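Below is a structure I'd like to ask you about.
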Amino acid sequence: MIEFRGVNKYFGKLHALADVNETIARGEVVVVCGPSGSGKSTLIRTINRLEPIDSGQILLDGRDIHSRGLDVDRFRAGIGFVFQQFNLFPHLRVIDNCTLAPIHLGRLSPAEARDQALELLERVGLADKAQAFPRELSGGQQQRVAIARALALRPPVMLFDEPTSALDPEMVSEVLLVIRDLAHQGMTMVCVTHEMGFAREVADRMLFMDHGKILERAAPADFFDHPQHPRTQKFLADIRSPFA
Amino acid sequence: MELLENYWLYFLVGQFPNGPLGGLALTILLGAGALLLAMPLGVLLGLARVSHSRWLRWPVTALVYVVRGTPLLMVVFWAYFFLPSLTGQKTGQFATMLAALVIFNGAYLAEIVRAGIQGVPRGQWESAQSLGLRYVSTMRRVILPQALRNMLPSLVNQFVTTLKETSLGYIIGLSEVSFIASQINNQVLTQPLAIYGIAALTYFLICFGLSRLSYSLEARLNA
Amino acid sequence: MSQFDFSVVLTGEFRHWLVSGFLLSLKLTGITWLLALPLGSGIALCRLSSVTALRWFGATFVEVIRNIPLLMHLLFWYFAVPELLPWPARDWLNTHGAESICAVIALTLYTAAYMAEDVRSGIRAVPATQLEAARALGFGFLASMRRIVLPQAIRITVPPLISQTLSLWKNTSIATVIGTAELMYQAQRVETATFRGVETFVVTTVAYLSVSLLITAGAVWYQRRFPVRAS
């Protein structure tokens, strides 16, 4: 469904993505991990064109996402993106955050959008907070609203950029549970995260990145128990904290 | 004081209702009107200043720099001498002053709006983009509402400045507070200190009050 | 409208008027600046001092002056204050250019009040720990300010001060109201004498803009050459 062909990206002199080739199939849940600066966020942000690329191609359902005739905004509406910093719209109530896009992209009438938003908020466990403003919610609640907001456009694929990294530890699981449920419902997902327990349980495939390259690809069991590449091994050893 | 007794009404509303509105009422009306009309202009110019299109950005930037580099009095004179030929009618002092203030403050508001827009976190743009919202929708529904809210203290400050700027109406004979004060002085002749002192005090009370408001607004917004 | 003829305002007597007005505007700006900066800095230090009376004085000075229009200040100093002076002083004033003197006084106080706030913000932007370190080394308050805090504050304060200078330059135009023969006053004179409004005002606007743009360019140069470094 999503295909990277020889993708390169530079930030000045920094080679952020180095000759990336990868395919993500429909319905697959792929978790990308790696040390800071490895390019994992950059990778995921190129998928919905939040970051441009310098060479190579990215295909969605066989179509080059950088082709001239492509309507970028419509393209992005077809991909759900959840940010590390949630990025809810602070001046709008929770429900309005979720109905803004469907209404203004002409997909749904206001009434339909409201019904759908309430249904989605129910799914993430926050239907009772529909009238609240984002500042009244905890980080975990805000992130769950962000997920509902992204789902409101019924995208076939969801991207998560370190969705729990900005949360206090006690709120991490409420968000991960929502993401896990999505995965079990067959959503195609690419998730950048440090939460290895979650990855082990939910991922179909793990990708390890370092210095802009994908160094290892494996199913979770193989990845965690028998890492092949020396840097993967080092990474996994480092994150198994001596204090755990 | 006898002075206050005789002239308080003249000071507050000028010759109204036997003549055009003047005095403090005129000053406030002129100031508020100018700022209200300058706002849309300021927002448009501010949007042009942050636009991706250089055909919009450069001319507007040049315009803003020129207006901000010119004394307001100069703009008033331009309006005074040339509005009549532009509109084909004799332009009153109020209209002249209003036009000058709207143009001048529009340019200053453009900068305030620009700063307000650029102060909205990048993440807001990105999440709106990720949802597929177009530039205009994003600006209208996500960025501008937040920018305007952040700008409120600056807007109140600009209102204070505008109220002070209305005093230039004196030079073209508009019956605002400073002009009325000098008219009273020309009649009474013996108490300039009291007369100008009271006028100054009036400005002070209003402007100081408003700037306290802006201060508390800022405190509430940052809470 | 008849053909524009710039030569009328750019030659002979009228040109002389405009040039002398321009020079007076520059002089007013320069003298005011030299007086207002030390005064403003002093007021800023008052507001930052530990003596309550000084702080109160500084705050009152700033708030009273800034919340009254410059035009009012000019009218006040020119029409009201001389009434308080004894006759000999008034005579002296009238024969020695009362208009310019009152203009400078009003402009100086007005500009100083704004500069005081800029200087105060600049000083406050220097971390309090710098002052503490200086005091701990045994410097008194004034010496600490002079040797440690102010030099750092100056770099931060320069851009707003340049902006104030620009405002000052434009504010000199308001002195026309008390008869000071600066550029705006002369422009009105020329317009009345020649009926050539467009030419006069274009030339005057260009004159104001030339200095304004110079000042703005100075600000841009300064911010490139001396960017504010985070410590």
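The chains carry the letters A, B and C, assigned in the order they are written, with residues numbered from 1 in each.
Assume a residue touches a chain if its C-beta (ideal position, glycine included) is under 8 Å from a C-beta of that chain, and two chains touch if they have at least 3 such contacts.
Because the structure is predicted, anything quoted here is derived from the model rather than measured.
**Student:** Taking chains as nodes and touches as edges, what kind of graph is this: line, ring, star, complete or other?
**Tutor:** Topology of the interface graph: linear, an open chain of contacts.
**Student:** Quick one: most central chain, C-alpha centroids?
**Tutor:** B
**Student:** Whole-Å distance, chain B centre to chain C centre, using C-alpha means?
**Tutor:** 21
**Student:** Can you compute the centre-to-centre distance for chain A and chain B, using the mean CA position of each chain? Integer Å is fine.
**Tutor:** 47
**Student:** How many angstrom lie between the centres of chain A and chain C, each centre taken as the mean Cα position?
**Tutor:** The computed centroid separation for chain A versus chain C comes out at 56 Å.
**Student:** Which positions in chain B touch two or more other chains at once?
**Tutor:** Expected reply: no residues.
**Student:** Tell me, which parts of chain B touch chain C in their complex?
**Tutor:** Residues 65-66, 68-74, 77-78, 81-82, 85, 160, 164-165, 167-168, 170-171, 178, 181-182, 185, 192-193, 195-197, 199-200, 203-204, 207-208, 211 of chain B touch chain C in their complex.
**Student:** Could you pull out which chain A residues touch chain B in their complex?
**Tutor:** 48, 50, 73-81, 83, 85, 87-91, 100-101, 104-105, 146, 149-150, 153
**Student:** Quick one: which bits of chain C touch chain B in the complex? Just the residue numbers, please.
**Tutor:** Interface residues on chain C, with respect to chain B: 1, 63-64, 66-73, 75-76, 79-81, 83-84, 166, 170-174, 176-177, 184, 187-188, 191, 197-198, 201, 204-205, 208-209, 212-213, 216.
**Student:** Show which residues of chain B lie in contact with chain A when the two form their complex.
**Tutor:** Within the complex, chain B touches chain A at residues 121, 123-124, 126-134, 137, 141-142, 145-146, 149.
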